[in-house]
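Pasting the structures in now, so scroll down.
Presented sequentially are two complexes of chain A, the first with chain B as partner and the second with chain C.
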Partner chain A sequence: MTPALFVQSAIIGVSLASIYILMALGLTLMFGMMHIINFAHGAVYMLGAFVIYYVFFQGGAPYFAAFVASMILLGIFGYLVERSIYRPIKGGIEPTLVALIALTTFLQAAGYPVFGQLDKHVPPVFPGTRNILGVGISIERLMIIPLAGALVIGLYLFINKTRLGAAMRAIEQDKEAAALQGVNVHVVNGLAFAVGFALAAASGALMAPIFKLDPMMGEQPLLKAFIIIILGGLGSIPGAILGGLMLGLIDSIIATALGAEPAFLLSFVFIILVLLFKPTGLFGYAP
Partner chain B sequence: MTAPRCVRWAAFLAVAGLAFVGWGSAHAADVIKFGVSTPLSGPAAPWGIPHKNATELIFDEINAQGGLDVGGKKYKLEVVAYDHKYVIAEGVATVNRLIAKDGVKFISILGGAVVKANEEAVNEGRVLNLPLAYADGLVSPRNPLTFHSFPSPPETTTFWKWIKQNHPNLKRVATISPNDDTGWWSIKVETTFIQKLGYETVAKEFFERTMTDFNPVLLRILAQKPDIISVLASPAGSVGLIIKQARELGFKGRFIHIGQVDTSVVANIAGKANVEGMWVHGFVQAPLPEKVKSWQARYTKKYGEWNATSIDFTNPAFAFVAAVRKAQSVEPKKVADALSIVEFDNLWGKAHFGGKDYYGVGNQIIYPMPFSEVKDGVATLVVQLLPPHN
Partner chain C sequence: MHRRLGVLLGLVVLAVLALLLPQFGGDYYVHIFALVFTNVILAASLRPSLTCGQLNIGHSAFMSIGAYTSALLAKNLAVPFEISLLGGALLATAVGWAIGYPSLRLRGVYFAMVTVAFVEVIRLIAQLWVPLTRGMSGLSGIPKPSVLGMTLSTRTGQYYLALVLMLATLLVLWKLEHSRLGLIWRSIGMADHLAQSLGVNIARHKLLAFMLGCFFAGIAGGFYAHFIRFLFPPEFGFLMATNILVYNYVGGRGHFVGPIVGAVFLSLLSEPFRGSPYETIFFSIAMLLTILFLPGGLITLPRKLAELRWWRTASAPTPSPAA
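Coming up: the complex of A and B.
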């Protein structure tokens, strides 16, 4: 592999990792607080992309307005899911899992009659390429990195610098103790659903102009996000960031050097090795 | 009402009921069900939707004329279609349902991997299959009731001879294809053929059908500096992404798909300018011969929107109707025997099943295949070629 090819594949890997990280952050946030794995995350990613399709491409709204609309709409949807699914079944982990799988299946199945059977596309928001260290990279892909980075920083500040974030951290550490301290667990759980869904929607909204849109488009990113949170440690935000970066770089650099199949296999070998030495993941802790 | 009158009424109703059921059975027997297992959703839907629509339209037109005359009896033709999403498990489930539940004896399956997975079910069920699919060993003496109704790579690779003669500057070829039976076989056939013509195959990559980010694979390919990239056997959605991402990475050469792909769907994803110069088989937007223009008008009238992929996907229905008329039977074996000898018209000219020299059995459709080049965003017919075997 030439140095130029390495640089090109590394930049593409970081761009890819940015999306994985956004997906994984929403998942890990919800797992950390409620110990649920949100199987609907991929479907929410898909809905986030379709909001861009309808609001930006079909509706003619500015891309960033559509992006914010996507996060807000899916955030509200997340809050409603907490109210209508998670809360009525009183936070039972297994019933919630089954209910979220059912929600995913419903959203994907409903996607074909609602959005149409053919793949959709969104025109480029940042067309063209930029030369970086002698290699051409699509500006669209480059723009993902600062946009996703801004969202990650925003989430970090929200979790660590606001009262609501402190309430989330308190619930993550000890739900009963947090409730005794006056934290409204239901409201904060609802907020965690809203934030988690909004992050998945942001991932979909960022990817909409780069890939094609179809009701099943969230399955692959969801699988990647699962791998990342296991690699980084369930419930760990720094773990999700580091895990996402590692997986994105492995996916891109190894696939460029050896091909897609070896990269797929090697990413799993790498995860197994990490889990052999640290079964709780890179930043995870034993319950 | 007295008791005897009640009994008489009951008897009358029973007889009337039996007569109705009898009429219903006789009526049901006058329908020939034709199963279609095809992707109606997902990335391969641009193939599946025109497959189903083309079959239905041809059958509707025959039904409007009173039906298909077999031995002096008129049969209505009915399409029973299921979506397999180009997922093998769904393909197996839909074909089992068609054979076991719907009782079809004639079927058309789209997708190489799906057809291969159903080989046993089709052979054991003694069902006549008219697939649109690329797969190694599909056309073979092992599958006597399978009549492949679309030109495969052994037929369409002949277009490379035309390229060699008309574009001698193109020398280095890279291929990228789905990582399954369809992709492996298609690329094996294509690379063997083009290497004999003197082309250098500089890269050969395979991808999972769910893949959307082709950048790493394309970086590998582009490092070998190909003049032309073949995307044989890839569905339109994937081809669109491959072309878009390859252009972003700086590829200036040509693309070719000698399978079949809707270049308008590809252009929607890749951008019109990026698809310019692409060569494709089986997708023509202009100029259309009169016969195809008439088909376009009828298709657009029924479905509201024209789909040029439907042109070549009429083959299973045309072949089936011609064979039933020739056989004057609705027995799959007799219809298959008729398929072996019947010559019929498809939208590009005279068609028949042949290729025995190549496949060992004459079950491959043969006709003057259309090849086009995307010019100003339009897939423009450049040449019609017969396969190297008859």
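Coming up: the complex of A and C.
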């Protein structure tokens, strides 16, 4: 591998990592509060990308308006999912997971008749390439890094500096005690669903101009996000960020050298090894 | 005593119907029911793991291992069907150990996530290892099943083979569920810490339940390979894995017959739109509705209906009889 190719795949790796991190952060936030894994995260990513297709490409709205619309629409959807699936099941973890899997397969399968059988493409939003250290990188991919970074910082500030974020952290520590202090657990859980779904939608919206769109497009990012949170440790936000960076780099550099499929197989072997020798994840703490 | 007689009578009627089906139904029904029996094996083999409270969302991967191993042994090495079937099931069990050992020691969700990723791993291996599996061209030319050197060339013969395999699987699983082991699995599913404090090695029993499921999933896969005689990697993907889960939940988790009822009912009901996206839409809606409105599954439907009737006739509500 030439140095130029290495630099190129490293930069692409960081931009991929930012998407994976956005996905993993939503999963980790929801897991921390409700002890569920949102299996529908990949389907929400897909829907987020399709909102960009219809609002930005077909509807002609500005990209950022479509981006915000995607986050808001799917955030509302997340709240409704909490209201209609999570809450009625009353905290049963296993039935909730199964219901979320059912929701995922429903959204994917319904995608074919609704969006059509053919792959969709969104034209580039930031065309052109930029020369970095002697290699050309598409601006589209570069722009993902600051946009996703801004969302990560926004999430950090939201969780650590607002009253609502404090309520979320309270639920994460002790749900009953939080309720006794006057936190409306149902509403805050609903908002956590909304935030998680909005982050997944944002990832899909950022990737829409780069990859082709089809109803199954969320599978891969979902699996990557799973690998990241196993790597980083469930419920840990720094773990998700570091795990995401690691996986993004490994993924891009090995994929450039050997191909995308061997890279995925290798990352699976890697998480099995992590589970064998450091079961709580590289940066996690004992559950 | 009355109840037991009724159950026995019901079983006899079912057995007679199953035995006579090839006489009355055409080849179409024989084919469909052989596949239904395969689904019953798959659904029932997931039950021990679910009883322990472990969500295995990758069961189709082990079916795939059984199918490819048995098909390749028989096709390339001319191994007799009985041995290739067993070989596939044993390899599936061994792989189950390798995946289950690291991931079952932690919280259930880790195991669930690992199994989801594992489906993709097996699909990719089947897809990429072209010299062995023919990849996306699909593996064809798999020999028909044979028993004691006799090839079962008719659909009817293969149907009876499926019936025997299913009955043997159900017998073993039934016996295990009603043994001390089954009791331990239930105790782990209900309160794992309590079970541990009573001296149960929970990680080992979870692993055992999981590997048992992998073995029978391998058997189902082996039969499927020699019955359909064509294997295609994406067939054993995430969707088939979720279907196996759906059978258990829609049928009902509370009783041994739950997954059987679920597999038979859903396989037959979804037959008209097999292979189209509407099959998946149907399955996912059935799953969502069951979880939200009939958490005990179809097997609790008669009691629910009876309760409903009772509610209508009685004027004052009393505590539920379930308590």
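Here is the rule we use: the second predicted complex is superposed on the first by the 271 of 287 C-alpha atoms of A that agree within 3 Å, B and C clash if a C-alpha of one lies under 4 Å from a C-alpha of the other, contacts with A are read in each partner's own complex, and residues count from 1 in each chain.
Methods note: a residue touches a chain if its C-beta (ideal position, glycine included) is under 8 Å from a C-beta of that chain, and two chains touch if they have at least 3 such contacts.
Values in this document were obtained by computation on a predicted structure and should not be read as measured data.
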Partner chain(s) touched by A:112 [first = chain B, second = chain C, both, neither]: both
Touched partner set for A:226, first chain B, second chain C, both or neither: second
First, second, both or neither for A:97, with chain B first and chain C second: second
Partner chain(s) touched by A:261 [first = chain B, second = chain C, both, neither]: both
Chain B versus chain C as contact partner of A:9, first or second or both or neither: first
Contacts of A:174 with chain B and chain C, given as first, second, both or neither: neither
Touching partner for A:279 - first (chain B), second (chain C), both, neither: second
Interface residues of chain A shared between complexes with chain B and chain C: 112, 219, 261
Sites on chain A touched by chain C in the complex: 31, 35-37, 39, 85, 88-89, 93-95, 97-99, 101-106, 108-110, 112-113, 219, 223, 226-227, 229-230, 234, 261-262, 264-265, 268, 271-272, 275-276, 279-280, 287
Residue ranges of chain A touching chain B (in the complex, touch as defined): 2, 5, 8-9, 12, 16, 112, 117-119, 121, 123-124, 129, 136, 138, 140-141, 211-212, 214-217, 219-220, 251-253, 255-257, 259-261, 263
Interfacial residue positions of chain C with respect to chain A in the complex: 53, 55, 57, 98-99, 101-103, 105-110, 112-114, 116-118, 120-121, 124-125, 127-128, 238-239, 242, 245-246, 249, 277-281, 283-285, 287-288, 291-292, 295
Chain B residues within the chain A interface of the complex: 40-43, 45-46, 49, 179, 205-208, 210-213, 215-217, 219-220, 223, 236-237, 240-241, 245, 248-250, 265, 268-269, 271
